[in-house]
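The structures considered in this document are given below.
Presented sequentially are two complexes of subunit A, the first with subunit B as partner and the second with subunit C.
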Partner chain A sequence: MSTTVIQLIINGLLLGGIYALISIGLTLIFGVVEIINFAHGEFLMLSMYGSYWLFQLYGVDPYVSLLMVIPTFFLIGWAVQRIIIQPIIDAPPLNQIFATVGVSLVLQNVALFLWKADYRTVRTAYSGLSLKTAGLMISFPRLVAFFLALALIAGLLTFLKRTYTGKAIRAIAQERRAAMLMGIDINRMYKVAFGIGIACVGAAGAMLIPIYYTFPTVGGLFVLIAFVVVILGGYNSLIGALVGGLIIGVVEAFSGFFLSPHLKEAVYFVIFILILLFRPTGLFGRG
Partner chain B sequence: MSLNARKTSWNPSHPKFYFPVILVAFLCALPLLPQKSFYQDLIVMIFFWGTLAAAWNLVGGFAGQISLGHTAFFGIGAYTSTLLWLNFGISPWLGMLAGAGLAILVAVGIGAPCFRLKSHFFALATIAFAEVLHLLASYWRGLTQGGVGLLISFKPAIGNFMFRSKIPYAYVALGLMLLIILVSYIIRNSRFGFYLVSLREDQDAAESLGVKTSRCKLIALIISVFFTAVSGTFYAQYLLFIDPATVFSLPLSIELALLSIIGGLGTVIGPILGAFVLIPLDVLLRGWLGGISAGLNFIVYGVALVVAVMYFPRGIAGWLRARYEPFIMALPGSKQPVASEGAVAPAPVPSGATDPGREWTGSPLFRVESLNKHFGGLAAVRDVSFDIKKGEILGLIGPNGAGKTTIFNLITGFLAPDSGRVEFKGEEISGLRPPHKVCIKYIGRTFQLVKPFSNMTVLENVMVGAFSRVRSAGAARKEATRVLDFIGLLKYRDSLASSLTIADRKRLELGKALATKPELLLLDEVVAGLNPRETEEIIKIIKGVSGQGITLFIIEHVMKAIMTLSHRIIVLHHGEKIAEGTPEAISRDRRVIEAYLGEEYLA
Partner chain C sequence: MRKNTTALFVASLLAFVLCISPAVTAAEKVKIGALFPFSGPLALLGQETFNGATIAADIVNEKGGLWGKQIEWVKGDGVDPKKAMTECERLISVEEIKLIFGTYSSSRSYAASGVAERNGVIYWEEGAIADPITERGFKYVFRTCPRASQFGIMAVDFAKEVLAPKLGIDPKKMKVAIMFEDSLYGTTVGSNAAKHALNMKMNVVATDSYSHKSVDLSPVVMRFRAREPDVIIATSYLQDGLLFWRQAKEANLNVKSFIGTGACHGMPDWAKTFGDEANYIFNIDPAIGINPDVLSPKTKAVLKVFQEKFNKKFGHLPATHASLGFVGARVLFEEVLPGVGSLDPDAIREAALKVNIPKGDTIFGFGVKFAPPEHPAAGQNLLAHPALMQWQEQKMVVVYPVEFGVSKPLIPLPTWDQRAKGETSFVK
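After this line comes the complex of A and B, so read on.
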């Protein structure tokens, strides 16, 4: 295989790890709370700004900021679930969709109001560092982000499998009423699930800021990718989100290189529509 | 959402009729009122957005299909007419129709297959599809000049769809808005309107009553797309500049839905109200807050959206509804006799009770041969054969999971059989799908978990069934009233179905199916969950149904009910028919006792 192809695969996988982290949050929320969080991208945007300001004002390295970002965003997710989602949990899908659309609108414009539209990124000592081996160039920040993302995902999956709370969450995702009958506090678990989902996306933001720019509408780009990943992987499968994220990362790398960089977006939308039409449960989803 | 089931005769001096006329006259005068161009522009925008929102409402409100990709059709309309004008000099009036035609083709080709998807997924698919078009418009420079956009040089002339003053634009927009209001109004009070609401409320139930759900959604989409694309052309001709970012924009799709939600989803006037309230508000906020800092107006907007969706789901129209009637009645001319309902033909008295236990003689009406259905490795229905004679009551019993409801689903088009033959009145209907076709052939069914159309009244619920045999709302109303009288729900005719008790919902379920005038009626556990008195009452009704000559096929677990009703019973176990005979014979059959009845039943 030519070096170019391997390079593309590596780039794709590295980015895919982060896509997977963003998407896992979305899948968790959708699988458990059963709403599509249209504001998911805006939380990513917020955490990117958060890490940016922590670096600018206090010199906190983005990867170190993870320690603060993860718990903070967990609480933010908890609050959003409690304040906005919980009252409309039984409302028709239209109302739920627009509630999160409204949140997305507000967050985007709060960011615009506070920080203006300028593009911002974080340049650390290692931002431009890359490892060179066998004719390949592997960007250091992306590599770190990839392993951190995988570590977080592994931690999450273990949590879900081993702890009571994790099992309770999985039970709800599979059969809500039976879970309630088993004494599981649904509303509390929804808050936990939403919190974890937002914490994931928050972590992803902290990992992305050394690699990407942030601006008020950056969420829109990533959330559409996240939707594609979630649908590709299977809307109720976490493993699916992981695999889907890696696949989309690679697809993006290849289509960016072989087709025009603009058309790579078109590629994943077409994939998206095709999956929805022909295999709506995705790769790993249960019917 | 009231579908105006009550009718009043035409009487121009009653405020019910003249007040809307006054409103329309006011709207017609509106463009001439302001002097300043700013306000004229505001009026144009209100009419323009009102039309767009009302168009979206046909699909999103009436039919309940949440499209967040309508901007695709807007953009197609805008670009088609503009490109035809710039490249070929074709008048935008004609280009408008061409744009609408193209948009409709695209909608049918791509949008329609997406109807299979459930709400959240449908919304996502529409977003994706609009984004693809956005990308196409941005990067196919040869066709669209890409992100630079298209500029139309100003050559005012009626034929060019360009005017010096804003007033003609306002009248064009008003014309479109009045047209879509008229179309929405006609639809709402027609069979099509009933069908749209029913499929929004419960698609399976609607299908079982003969509603061609796919076709209805498609028609609603086509009408909606027409007006959306035409509005796109209007926009291009009004601003004389379009680019992909403005006409293929997700915020635009969201705005359309927002106007309808805040105004009142699924109502005729809601989207218009939404436009009259939100567009001026948006302009005000932009001027007032947007000047302070970018984005502030959208923050307020977004908060308003969240609050509206959480606490005022019925929108302005919902709030207004309770106040409109008293307001109308307070106007001069309201104290006049309003035409009363035509006399309702008395329900036919059911002829003699059935005589169970004795073998029913009659010609075979319905036959099933070697019906098979597997789900993966599980044989749900295994080589089942039976027939039903005309006028008979055949019971179907068996343990849970035996395959009883599966057989119902196989017969009524909700599932496709793997193999086997189904014959009705001598005609083969094996695997006939979708369910509405089975209903049209005079086979009706109820569902184990009742499926009322919650937001329709009891009368309207039954009217949906009646519409499968008649076209006019008047005839459907009459037939539905007759059925309600027969099942004893006439006193609840104007109550919402969601307000009924479970016993009454079961009756309503029966009534809906009866209104489709079935010759063969499948009842799935109608008695389940009823107390003894309710059980007795519904058994009486079922006997009355049989007395009308309708053949019945009944699944039941309540032994008292099925033993007293059935002429014959078949027993299903693990997907296989293990016994068949009179209730007496079945209750003594060894295999049935072991599998299902239990030893105590013998005693």
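After this line comes the complex of A and C, so read on.
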């Protein structure tokens, strides 16, 4: 029994690591640019396709493809911010929602047009590979994704703490007007923040492709959970997104095992509602 | 100049003929509605099913047609259930169609057949498998293909009749785990499998449903690992079915047998994704590659003609969906309509209820006999059934019912360790 519980915790944490990585980008964009990026899942889908094609056409291992995916998606994020978000940065929230939902629809349909609705995945030597210790099974690609996610999050936090750009981004997240008065070029910082957010979700996509499948609407499956994680963690806290992701992952593993697999989604949505009722700022959020 | 005048004369004559000819020939044609998803996400298989049906019509037309008239299809595009209803409406009211042939997709069929019934028009379903289509006590809806519930029931029968003796397990002690995605399709198949297994007094250790949109199925894997089933019966769409098998490997979940019931486990993607790891899995679907000895000599000849004509017209051999379309249309054109002499729905209905095609006389091997109006599944072909196949060397071969089989089932399923070591050559 205890092995089962430990196994469930491991499964949950590994899953939570992936949720965290997707949510970090969303949190950053949400916290800094104050835009709800409804196209977040579609960027995940695009990066999954990116890694898929790099593997299929050039034999690039998905983990190696990270080196290409991260900078590319940073630039994509930068461009999206400059071209689509910046003009509507002061528009009413409804218009901003329409803009990002529009981007999401366009990307989905472009993917459908280019690559059809087929499910695509890569078969690497380590697909389905597990490390076996003391009766426990630890999925290798999930473990890699988990540690890469932790490393990326640690790197991102250091960047935000130590560098001028990082400090400026945090300053904007805390108080936009004051940051402007201090001479921070906020439009530039928005572009950097949006770029980093999209780069994070791009990294998540590359790590997911050895585990999961890509198809034009795959983003929706993950991004719904990411929204729950962001709210749970506190909408502008990166640590919150990490902890929130891990909590949701473990909750899913336990409720799926002990209650019923078809109730596991229901359980974390109940948590979502409870958080909104009793602690609307989330676990780590500032009011 | 003279040349020009002649040309002009010929051209105008031609134009005249072209103008009047539809009006003349329309009266001499038998117009049948064809309601399929011809566009949208289901277009590929919708079109393929219809292609199969066109061959049945071509065969009749080449022999002089039905009642001396040529069969003509009038197409309706059922992109989604709502559109299927409006297209059905249009075919009936604008095109004055008295007989609609369709639909391949269950949700579209369910919606459109209601419209046909209300208008007293025959709805001839050849490929949609959801049980409720023929469970509404409708008078004018007929279905030639098997129903979803039969898939679950066949999986249990196979486990009891073939797996249990082969594995040396008493069927009553055989531990069965049932998993299904929780939409209408999975629930219908899965709950019928569970019900049937309990009726057969088998030991059902788990009945787990899950959302096919779930991105993690490790809870299902873990539950199965804890309960150590001998056989898993699974109803999955593609994404969840692939995810489960991958996670089963990661968690080293070993069972003695795995039976899929359509969708995921019968798709080419199954082998494409898993390669040799796809082998040994069973799947239930209507099957074309059955043992030809089951077929009567006449049907063997029909099958050959069908394959040749289809290949010539569409450039590839017909697969399951095209064959379902062909069988549905052939029963209609060769067994029902010739004796009726018109498209009067009540006369067609009467003739359909008298149809009695014995086993071996359709290319699927099953016979055709429609359930009478007082039957709970009125209009359903009670003799239709799917077949059970196994992935052997990344190809699906029919293994059950035994007389339909072209190969013997390979039992048990190798463990993941055996697969990794390449110890997968089992004695047949």
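Rule of thumb we're sticking to: the second predicted complex is superposed on the first by the 286 of 287 C-alpha atoms of A that agree within 3 Å, B and C clash if a C-alpha of one lies under 4 Å from a C-alpha of the other, contacts with A are read in each partner's own complex, and residues count from 1 in each chain.
Quick note on the criterion: contacts are C-beta pairs under 8 Å (C-beta built on N, C-alpha and C of every residue); 3 or more make two chains touch, one makes a residue touch a chain.
The model shown is predicted, which means the values in this text are computed figures rather than measured ones.
Once the two complexes are laid over each other on the shared chain, residue contacts for A:98 go to subunit B alone; subunit C is not touched.
When the two structures are aligned on the shared chain, A:71 is found in touch with neither subunit B nor subunit C.
In the superposed model, A:262 lies in contact with both subunit B and subunit C.
Once the two complexes are overlaid on the shared chain, A:280 sits against subunit B while remaining clear of subunit C.
In the superposition on chain A, no contact is made by A:135 with either subunit B or subunit C. By the touch criterion defined above, A:110 lies against subunit B but remains apart from subunit C after alignment on the C-alpha atoms of chain A.
Looking at the shared chain after the overlay, A:155 reaches neither subunit B nor subunit C.
Between subunit B and subunit C, it is B that contacts the larger number of residues in subunit A. Judged by the touch definition given at the top, the superposed model places A:87 against subunit B, while subunit C stays out of reach. The contact surfaces that subunit B and subunit C form on subunit A in the two complexes overlap at residues 117, 260, 262, 265.
Residues of subunit A touching subunit C in their complex: 4, 7-8, 11, 15, 117-119, 121, 123, 127-130, 132, 137, 139, 142, 211-213, 215, 221-222, 225, 252-253, 255-257, 260-262, 264-265.
Note for the complex: subunit B touches subunit A at residues 60, 64, 66, 68, 110, 113-114, 116-117, 119-121, 123-125, 127-129, 131-132, 135-136, 138-139, 250, 254, 257-258, 261, 265, 293-296, 298-299, 301-306, 309-310, 313. Residues of subunit A that touch subunit B in their complex: 35-36, 84, 87-88, 91-95, 97-99, 101-106, 108-113, 116-117, 216, 220, 224, 227-228, 231, 260, 262-263, 265-266, 269-270, 272-273, 276-277, 280. Contact residues on subunit C toward subunit A in their complex (touch as defined above): 41, 182, 208-211, 213-220, 222-223, 226, 238-239, 242-243, 246-247, 249-252, 269, 273, 275, 277.
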